[in-house]
Amino acid sequence: METTKKLLEIKDLSIHYFTEEGVVRAVNNIDFELMRGETMGLVGETGAGKTTTARGIMGLVPNPPGRVVGGEILFEGKDLLKASNLEMRLHRGKDFSMIFQDPMTSLNPILTVGDQIAEVIRLHEKLSRKDANLKAAQILEMVGIPAERMSEYPHQFSGGMKQRVVIAIALACSPKLIIADEPTTALDVTIQAQVLELMRELQEKLGTAMLLITHDLGVVADTCNKVAIMYAGQIVEMGSLEDVYDNTMHPYTKGLFGSLPSLSMKSKRLVPIDGLMPDPVDLPTGCPFHPRCPDCKESCKSRAPVKTEVSPGHYVRCLRYE
Amino acid sequence: MLRYIAKRIFLMIPVLLGISFVIFLLMYFTPGDPAQMILGDMADKEDVEALREEMGLNDGFFERYFRYMGDLLRGDLGTSYTTKLPVWDEISVRLPVTAKVAFFVILFAVIIGVPIGILSAVRQYTIIDSITRVLALLGITMPSFWFALLLVLLFSVRLGWLPASGLYGPSYYILPIISISAASIAIITRTARSSMLEVIRQDYIDTARAKGQKERVVLFKHALLNALIPILTVVGIQFAGSLGGAVVNEQVFAIPGIGKLMVDAIKARNYPLVTGSVLVLSLLQSMVNLFIDLLYAFVDPRIRSQYSRDKKKKKALNGAVTANAGMAANKRK
Amino acid sequence: MIKKQAEHGHIKKRSQFQETWKRLSKNRLAMVGLAILAVLVITAIFADLIAPYPYDEQDYNATLQSPSLEHLMGTDEYGRDIFSRVVYGSRTSLYVGFISLTGGALIGCIFGAIAGFFGGKTDNIIMRTCDVLHGIPQIVLAIAIASTIGPGITSALIAVAVSSVPNFARVVRAATMTVRDQEYVEASASLGGNNTHIIIHHIFPNILAPIIVQATLGIGKSILLCASLSFLGLGVQPPMPEWGSMLSNARTFMRDYSYMVISPGIAIMLTVLALNLFGDGLRDALDPKLKK
Amino acid sequence: MKKLLVLALAFMMLMSVIACSEPSTPAPENTSSPDATNEAATPAPDGQEPEGSDPATEIRKENLIVAIQAEPQTIDPYAASHETTFISSEPIFESLFKSENGELIPWLATGYETVDDLTIKITLRDDVYFHDGNKMTADDVVFSLTYGATSSFTSTLFGAIDVENTKALDEQTVELKLLYPYAPLLEGLASYRGAILSKAAFESMGADAFGRAPVGTGPMMFKNWVNGDRIELTAFDQYWGEKPAFDNVIFRIILEASSRTVELETGGVDVAFQISPVDWTRLEENPETQMLTGNSMSMTYLCFNNSMELYGNELIRKAIAYAIDVEAVAKTAYQGQADAADGFIARSIPGYKKVGPWEYNPEKSKELLAEAGYADGLEVKFVTFQQQYYNACIEIIQSMLSEVGITCTIEMVDLATFTSMNNNGELPMTVMANGSSISDPAVALSAWPLERTISLRHNDQHIQDLLDQGERTYAMEDRIKIYEELQDYLWEKLYILPLAYPLSGYGARANIGNFDFVASGVPDFAEIEFTA
């Protein structure tokens, strides 16, 4: 598995929604890379554009009203934005697949679990119905569900079990990349640990790269080797786990860590980041974080910071480091 | 499943009893004397009075009601005042005609309504969507007999392509079906559109697309099957409605249906025929509703599991699984 | 910061109506519907001014004239001006539509709310009575009532009201049951609100949307029912103009004097169309999920 | 979006305009008439399948299709009073005589002899068979006449028959006894009401079943009755007389007047009854159809309830009459297909006397109103049921009366309520018609006898005396004098105001010959000959 070749490279990607209330700038010129077998966390509050980025990669941005307005998404060197619908369809499920957030609604209620897994297998691997079902059974076992339950329906499974099925569907054709959009948010903590554990195992076993989208910094710490912090559609800080966790640069990232209860630091009160997420329709001028930034300077209000590399592999978008 | 059907049929009895009671009440209080209608207005008082006595019209309300119920339980719907035929004979001739027409109307409405509904849902905010929505509205707003008359004048008289009335062959069915189904097509289209729109926004549709499934299959397999239930409900209501409701069209196209029979029976104060036809019609309508509910179970497993007896077995299995899944997970740690 | 939010919250309340209006006004079809309805209501109110002739003035040497300048929509078989009758007819049709619906809606909602809220036996009894009412075809009900109190507006009105009760009851019951399980209803119960208070303050406002939609669509249906009643000979007391009876009487003259059939037919269609457009628009505006 | 709405509405308007507006030229040559599209699936009634022409170049057709406006309650002419019963029973039954403009022609009877005022001896043919194969004998005639005498529907016509003493002298002769002299009897026996039934069949089937599947001696035999749809008769091969030019008669029940007209135009039916007057001209102009019209024997009149205090007052009745322009009412209500009524019985009935029409004089009406004490206005009330022509008359009268300050309310009730109100004398004012099955003054004035309980209620013994005299005198000249005196008296009293003599008519395809208008409205189908 040569990890040198870049699996996924996002260059200057912008995705906007054109609605009647105005243009929603969900994703603004983000770029990052993902190597084969690597796991990167994409962290941010709700509305930061995480899910839109994921859907952008998968080519599932609902159009109208959404549209990719700029940038490139290179998957193994090929720009997905230029790919035809047919090509994209062949990629989805085979080369990259997606796990959605709410297991309760991500499975088709009227089809058996087995059928839903077999469907993706038969789409990408020329197997007969019988063999596809056999493989589906194996994958089901792999995610810890007895094969006999293949003929049951989603409503007969608990939340955790359903998420396992969704994972089974995503990994059925051992894709090179999984995009997991907050896979454990809807689950309670005990099940969350099991599901994450399962995903990490399968990732090692199949050598799959993963883009994990979450707002839970703890989950990122356990599973990812790289992390990118998103705010108002931009990546404000990106780097290896140590870079971002140990010598955090960007004020927003510091704010995020500040609002986390931690056993080691004995702070009596959590320090929330005050203010609200900016309205994506009219983003603040200059650095989007400036209205909420504790050490905001005059220039922050007017000039938009540029992505600067503070140390190898550690990027930040803040005027203080330019 | 059978237990559920038995329960539903058992539930129909009080409803039918209720209907017969209300009809009897309505008939009891409406003025107009059946005996007079039978003997005609030339008959003199004594004859009318004698007939009233003979028909038991002078007895008390409850006495007549219980006598009627007694006969009903023995399966005898009484005899029609005007033609003196057993009510069942009159109904059994007219009911299949209405049922056949109603069936074709619904078939026609579904074949046209559902695809258009889906199309306008998929192509939302385009010109097709607006055209179908407005045409659907026109279907609902047009008085059916006006539309029926227009059709007859256009296709029978001016173009001579189709016969104007009667039901003596396949070509006779075309105009009545178009005129009766206009409203049903409109309603089915609108429901199909709104329920499709509802389903298309669900997450599992994106899951299907994320699998790399063709858009056509995503829509017509994943989406449509889930959108079926609201559509089925409306189809059921429309079918039940057009059974009793097509009176006006039956008159324009001279179709010997049960709707017209019922209306004339009331006008002639032919109590047994009125009650009989309304009861038979309500029974048929309840059967249609039951059939539609069973279709729900067939289409949606969530509903099916409510009926099936083996619910207990399922719970046990569910418990076991969570235990060993947990074991498998920590065994590997 | 907190102050700004509170103030923002305060604005929120008043804008509930504005919010719906804002969304509604964006829906062009609904606006067309509203415009037609407005025209209709105005014609109904000022019918005496708008109509050039009294609706029952007969003119024997001007019978069955096709539309001309003095008679915009021509004259009927008694030489009466059809345009004036259509104008006055709007009064009858709206009267039938609105009164019968408010009647049916009122009873239906009360039935539905009680059934939905209390559930259990009461729910079963009410729903079974609704099935019974629903089982009796509208036409039978109308004729029975018409023969008891004489055909005419009142009997059509009652028939429509009675037969629309089951639909309202069913809609309201379903809405109440969904709303009843919401936390905020339990919350208000825990604060000591008695049942009627809960129904009126918490449940009704939230089930207003389906009721309004059912009402607007229902008015259209009642106007059509009135038309078919006149077709079956149970129409309005002459010489009161009502679109349905005008249409059905004109059908015998349809071949040579088609204008007699077109004007009332179009009047009915326009009204019912407007009601449906507005009803649909209202439903989309009131249903938050449908926000674009 | 909006332009789209306009487009849809325009389309609808366009469709309705082209659909209804008839070009002045008749409907396009209807080559593909429905019978060409009938399928073998069900025995569709088709009218145009000419068989090999008989030697007498007489064109035969398999089916004669007749559209009637309602489903008869029964086909037994003694058990109903609705026109559709008589039309559907006419081809099945025959009477003792046939009456051609007042002159009796022997038919089932070979002749008759009036022994005295109360006895008539009738001799019968011996070669007549019923549809069930039995031979017609005097017993069947006696049975039919006694049935006629006792049935509530035909008591006015045959009530005079003395049921005990009428007997069969032998197989071929009947001695008919009367309770009192009754001049119109023979005319009644010659009408379709005097049908001769098969006694054997009637008694074995029972009255109701017989009414659903009658057995008579006529050229056509009952075959099938599909409820609400059609009644099928087929040719009776042992018929004693001349065979008709068709094998089956199918009476199709089409309730909607415009549908009957359309079926006639498109060839779906050969004959159609109750065509609405507005279609008459179009059917006359259309080369493929013809209209058979003439003066009917019915008279539409405004009926006052003379037992009520207000309408019992002669001044009020006359005041109302003067305010009504009878000519305009007749013309407008019947779309020009009726004349103003100027008498109390139809003009074609012997004994008719022209006494009106009532003078239209609104001023005089106001004077009489003032004289009666209602100078400042009067409230009157009509009660009626859904009947196109009666409602038309009432609406016109209503607006005429408002000219002289009489405001009238109209209460619409349904037929059943109206009938019982009428028979309990509760109708204040209404518009009704009084038809007559035979052209005899006594029958035409059947609304006047005192024992009738309808809302006329004049209880004027003088009228009853004149009616009795008219019935009992046989000599035609004396009868006419009596009835003329009666009509003058009725005109003077004005218990009712005659309004219109409506023309009646029925439509037929152009190829129907030897089929002319009959005042009673029940034509003889057997005579029909096809010309194309």
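Chains here go by letter, A, B, C and D, matching the order in which they are written, and residues are numbered from 1 within each.
What we mean here is this: contacts are C-beta pairs under 8 Å (C-beta built on N, C-alpha and C of every residue); 3 or more make two chains touch, one makes a residue touch a chain.
Values in this document were obtained by computation on a predicted structure and should not be read as measured data.
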Chain at the geometric heart of the assembly (C-alpha centres): B
Distance-maximising chain from chain B - centres being C-alpha averages: A
Maximum inter-chain contact count - chain pair: B-D
Intercentroid distance (Cα basis), chain B paired with chain A, Å: 50
Intercentroid distance (Cα basis), chain D paired with chain B, Å: 41
Distance between the centres, which are taken as Cα means, of chain C and chain B, whole angstrom: 23
Rounded Å distance, chain C centre to chain D centre (Cα mean): 44
For chain D, residues contacting two or more additional chains: 1, 5, 12, 16, 19-20, 258, 413-414, 416-417
Two or more partner chains touched - positions in chain C: 29, 143, 147, 251, 254-255, 261, 265, 269-270
Multi-partner residues of chain A (each touching 2 or more other chains): none
Residues of chain A defined as touching chain B within the complex: 58, 60, 64, 88-94, 97-98, 100-102, 105-111, 119-120, 123-124, 144-146, 149, 153, 155-156, 158, 161, 164, 166, 169-170, 194, 197-198, 201
Touching residues on chain B, where the partner in the complex is chain D: 30-34, 36-45, 47-48, 82-85, 90, 93-94, 127, 130-131, 134-135, 138, 142, 146, 149-154, 156-171, 251-254, 256-257, 260-261, 264, 267-269
Chain B residues touching chain A - in the complex, by the definition given at the top: 125, 202-204, 206-214, 222, 225-226, 299-302, 305, 314, 317-318, 321-322, 324-326, 328-329, 332-333
Sites on chain B touched by chain C in the complex: 11, 14-16, 18-19, 22-23, 26-27, 29-32, 130, 133-134, 137-138, 140-146, 149, 153, 157, 244-245, 247-248, 251, 259, 262-263, 266-267, 274, 278, 281-282, 285-286
Chain C-facing residues of chain D, complex: 1-2, 5, 9, 12-13, 16-17, 19-22, 257-258, 261, 276, 278-279, 282, 328, 331-332, 335, 386, 388, 391-392, 394-396, 398-399, 410-414, 416-417
